[in-house]
Amino acid sequence: MISLHGLTKEFPGGVRAIDALDLEIADGEFFALLGPSGCGKTTLLRTIAGLETPTRGRVAIGGVDVTATPPGRRDVAMVFQDYALFPHMDVTDNIAYPLRIRKVPRAERRARAAETAARLSLAELLARRPGQLSGGQQQRVALARAIACHPRAFLFDEPLSNLDARLRLEARTFLKRLQRDLAVTTVFVTHDQGEALALADRVAVMSGGRIMQVGTPAEVFQRPASTFVASFIGSTPMNLLPGEVRGGGLRVAGARLPLPQEAAGLPEGAGVVYGVRPEYVDLSPAPRPGAFAGRVAVLENLGTAHLVTLEVPAEDGEPPAGSEPGGATVQAVVPEGGEPALGEAVWAAPRHERALVYHDDVLLTRAPDRAAR
Amino acid sequence: MTSDPSGLGRGGAAALVLPALVLIGVFLVFPALWTIYLGLTDYRLTGLAAADPQVVGPANYLDALGDERFLGSTWLSVQYVLGSAVIGQACLGFAIAWLVRDRRGPLRRVVEGVVLLSWILPGSVVAYLWIALLDRDGGTLNALLNTPGAAWLLDHPMLSLVVFNTWRGTAFSMMLYAAALESVPPSHLETARLAGASAFQQLRDVVLPRIRGHVLTNLLLISLWTFNDFTPFLITAGGPEGASETLPVYVYIVALRDGELGVGAAVSFLILAVNLVFALVYLRLLRARGRDADVPAPARAATRTAA
Amino acid sequence: MSGGRAHAGHMVRRIGVFAFFSVVLAFFSLPMLWLATAPFDANPSITVSVPEFTLANFRAILDNPYALGSLGNSVLQAGGAALVVVTLAATAAYALSRVRVPGRDALLYVLLLLSSIVTGTAAMVPIFELATRLNLIDTHLGVILTVSGGLLPAAIFILKDFMDATPTSYEESARVFGAGPVQILLHVAVPLVRPGLATIAVWAVANVWGGFLLQFILIRDPQRAPGSVVLYTLYTEGGQPDLSLLSAFSLLYSLPVVLMYLFVSTRYGFRFHGGIKR
């Protein structure tokens, strides 16, 4: 188990890369650190590894405080974004390097390296140097080197980002299976939300050195705790529309929507942000109650579906607080064949049971519904 | 990324740097400082003043500055630097670099090869090669020019040395200018050519402005090295009658052959001061143009440091 | 512009360039012809002539009491200096590259400045004095230490360039696996900058091999003198020089540096950091 308490890292010059961060990562868990560039993911991972000394706070691994322990004694293995395979050593020597440091006899460490390599389908490549390997092979050698020393935890810094798109998908599946087989605690840094959702048991979404939300992929996808998380997660960003409570319902982008149960406590006139994923917006060619009236502005082909961007004109009368006077944009994903024509007038109806309401940038929840979700 | 990726710590770093610093301190910094002190004494290699040197103040410096032999040596050094470095090496080096610039193939390799060879042969070998070439009785030059008995080294010692050092050191300028010319984008030259510029105009308007940093660097470095060059001693030993006694030769003769260490040190110090001026100008130049790729990195230039 | 005139101008230019190259080739090769012919001439004279081929001149080297030994001395001094410079410069450059010490860049610049101004010429008096007091006159160690002191600043500077250019993730990776500073230096940092180390070693060897002044000042005993000094005494001391010995020895003494240059330029391409000369 890895636990972080009040962890803060300030770099000389005043950059606070990690800001009073608390986190618990369970044994055997595949844990993803997700966030935009510069949010402190790498710094956090390096602090867990011991390559950075925290300014404040504690790091414990397996219940032991390792804040002052040098990296080599924390019994973790790290895979760097550039893999850091030693260019002057062949694959065997690279994989066996951690064992060499641990003074494992040469014959034994070669045997163990070969064994690990075979497991990652690297058996043919043992005598090659890193420069003679493809990106995917290098990535697997780096994994093998991490695995060979049987650490308590793996720390991966964007291990897939140097691969091309197709290889990345393969490597993702491979990594997931490997982690399940080994059942070693794994902390995985990525800025690709798809990768995090696909791989992790739990995801921490970071921003500005803080954790915005921790949860299972389903939780962060279905119920993002803040509009930041909501806009960051999902292959197509969530529709986030400003609105307000009015007359027992919600006024959002010109539409009158029923007041969700979780917003029942809000006073008349309270400003909210109404969120719904494009996947949960249905288009119809005819007017419908509780739908946004708009015109098709952009059509994007996603392969098996289309992403439709609607321009919803400004409401006549007083626009809801915070909305742009020029109206709003609503996106919807429609299945193949069902897409409207460009410029066509359509009505976009959000599925209310899937909608999320944010007040003061906090997701409103129904108390009894929470456990069931 | 981090300030200590290898976990050395300040202590470890100090332990790794210290041996080098000690060696540099003892054999480079200390001699430089000691030069100043020795220059203030009447220290001699032998005799009374060897056992008990007295501080004589700036007398050595003043004597040197007023001494005809010193002033004569300085003038010879100036001739040597201007003639062989600034005019000889720099011009010839540029001419060769310019004319071989877009040739590939054997001619370029042969020309660069012989020029380089004259640069890398050991100093004592090339010194004798030139003694043999210029010899009064059997020298190849006299045989070629059909001027038997012309004593080049006796009648024209400085001219001989200037030609010798041009031969010896052109390689450096040639390589530096070749690298500089490679940094001129062909598209710039083509633009000039399309506009109808002659070769000379291309050189003046496109090439020189771009390689000005290289030119300055080159001139400073080769001047510094030529100023400190001791090879003339191997060829003429300063003779005849001091006619080719450049400053380095003068110091050697006064201090280590005739034993007047104090006087020699005073002159050494004056050489140091001149070197310092060259080096400071060079560093200023580097700093001023720091980011431009125009001036070669100091480290690279330093690899070619002349002894 | 008439095509004919342009063509004529072009011809004149070509002839001019050709003449220039001919003169350059003649100028640069003329002094070296003697080195190519005399060593193989049965009766070497000071004038270049087509040799009456023989290898007997090289036997003269064996007969001279100092010649062969001086080659050994040159090897010792050059090898020793290369070893000292590479070892000390590598450790210092590594530490300076990886640990941020305040004033590091200023220190390096000052050292570099000093090494380019404190030449053998300017410092021969104190260096002679220092060596006398430290009992380093007539020792290989004296030459090695003095030369190394002068070469180290530039060597550190260049190696630091090499080290700065290697990503720190290699070392960090080794560190996470538990390697200590010494292991990281030996297993990771040194192998990664091997080309840089080779450059410095070759440069140091070339420097000592071709160097004359410091060796001339520091070594009086012909038994310990390196090739450059013994060669000098061959043509300055005592009457007519023995041209058989002189020519053969000159060639033999030149070969190592020439071969080293060929090796470096074919292996790494003759670029600027290969500018291994004094």
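Order of writing sets the labels: A, B and C. Residues in every chain begin at 1.
Keep this in mind: a residue touches a chain if its C-beta (ideal position, glycine included) is under 8 Å from a C-beta of that chain, and two chains touch if they have at least 3 such contacts.
For each chain, UniProt lists the protein as follows: A = Multiple sugar transport system ATP-binding protein; B, C = Multiple sugar transport system permease protein.
Please read all numbers here as calculations on a predicted model, not as lab measurements.
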Checklist entry - Given the two chain pairs A-B and A-C, which is bridged by the higher number of C-beta pairs in contact? => result A-C
Checklist entry - Based on Cα centres, what is the most central chain? => result C
Item to check | Distance from the mean Cα position of chain C to that of chain B, given in whole angstrom | outcome: 15
Checklist entry - Taking each chain's centre as the mean of its CA atoms, how far is chain A from chain B in angstrom? => result 62
Checklist outcome for this item: chain A and chain C have mean C-alpha positions lying a whole-number Å distance apart equal to 58
Checklist outcome for this item: Touching at least 2 other chains, the residues of chain B are 1-3, 5, 7
Checklist outcome for this item: chain A residues touching 2+ other chains are 46, 51, 70-71
Checklist entry - Residues of chain C touching 2+ other chains? => result 169, 172, 175, 180
Checklist entry - Contact residues on chain B for chain A in the complex? => result 1-3, 5, 7
Next on the checklist: With touch defined as at the start, can you tell me which chain A residues reach chain C in the complex?
Outcome noted: 46, 49-51, 70-74, 76-78, 80-82, 84, 86-89, 97-98, 101-102, 149, 155
Next on the checklist: Applying the document's contact rule, which stretches of chain B touch chain C when the two form their complex?
Outcome noted: 1-10, 12-14, 16-17, 19-21, 23-24, 26-32, 34-35, 38, 92, 95-96, 99, 107, 110-111, 114-133, 135, 137-141, 143-144, 167, 170, 172, 175-176, 179, 224, 228-231, 234, 237, 247-248, 251-252, 255-256, 261, 264-265, 268-269, 271-272, 275-276, 278-280, 282-283, 296-300, 302-307
Item to check | Residue ranges of chain C in contact with chain A within the complex | outcome: 167, 169-170, 172-180, 183, 187-188, 191-192, 194
Next on the checklist: For the complex, give me every residue of chain C touching chain B.
Outcome noted: 17, 20-21, 24-25, 27-35, 45-48, 84, 88-89, 91-92, 94-96, 98-101, 109, 111-130, 145-146, 148-150, 152-154, 156-158, 160-161, 168-169, 171-172, 175, 180-181, 184-185, 189, 199, 203, 206-207, 209-214, 217, 227-229, 231-232, 235-236, 246, 250, 253-254, 257-258, 261, 270, 272-273, 275-278
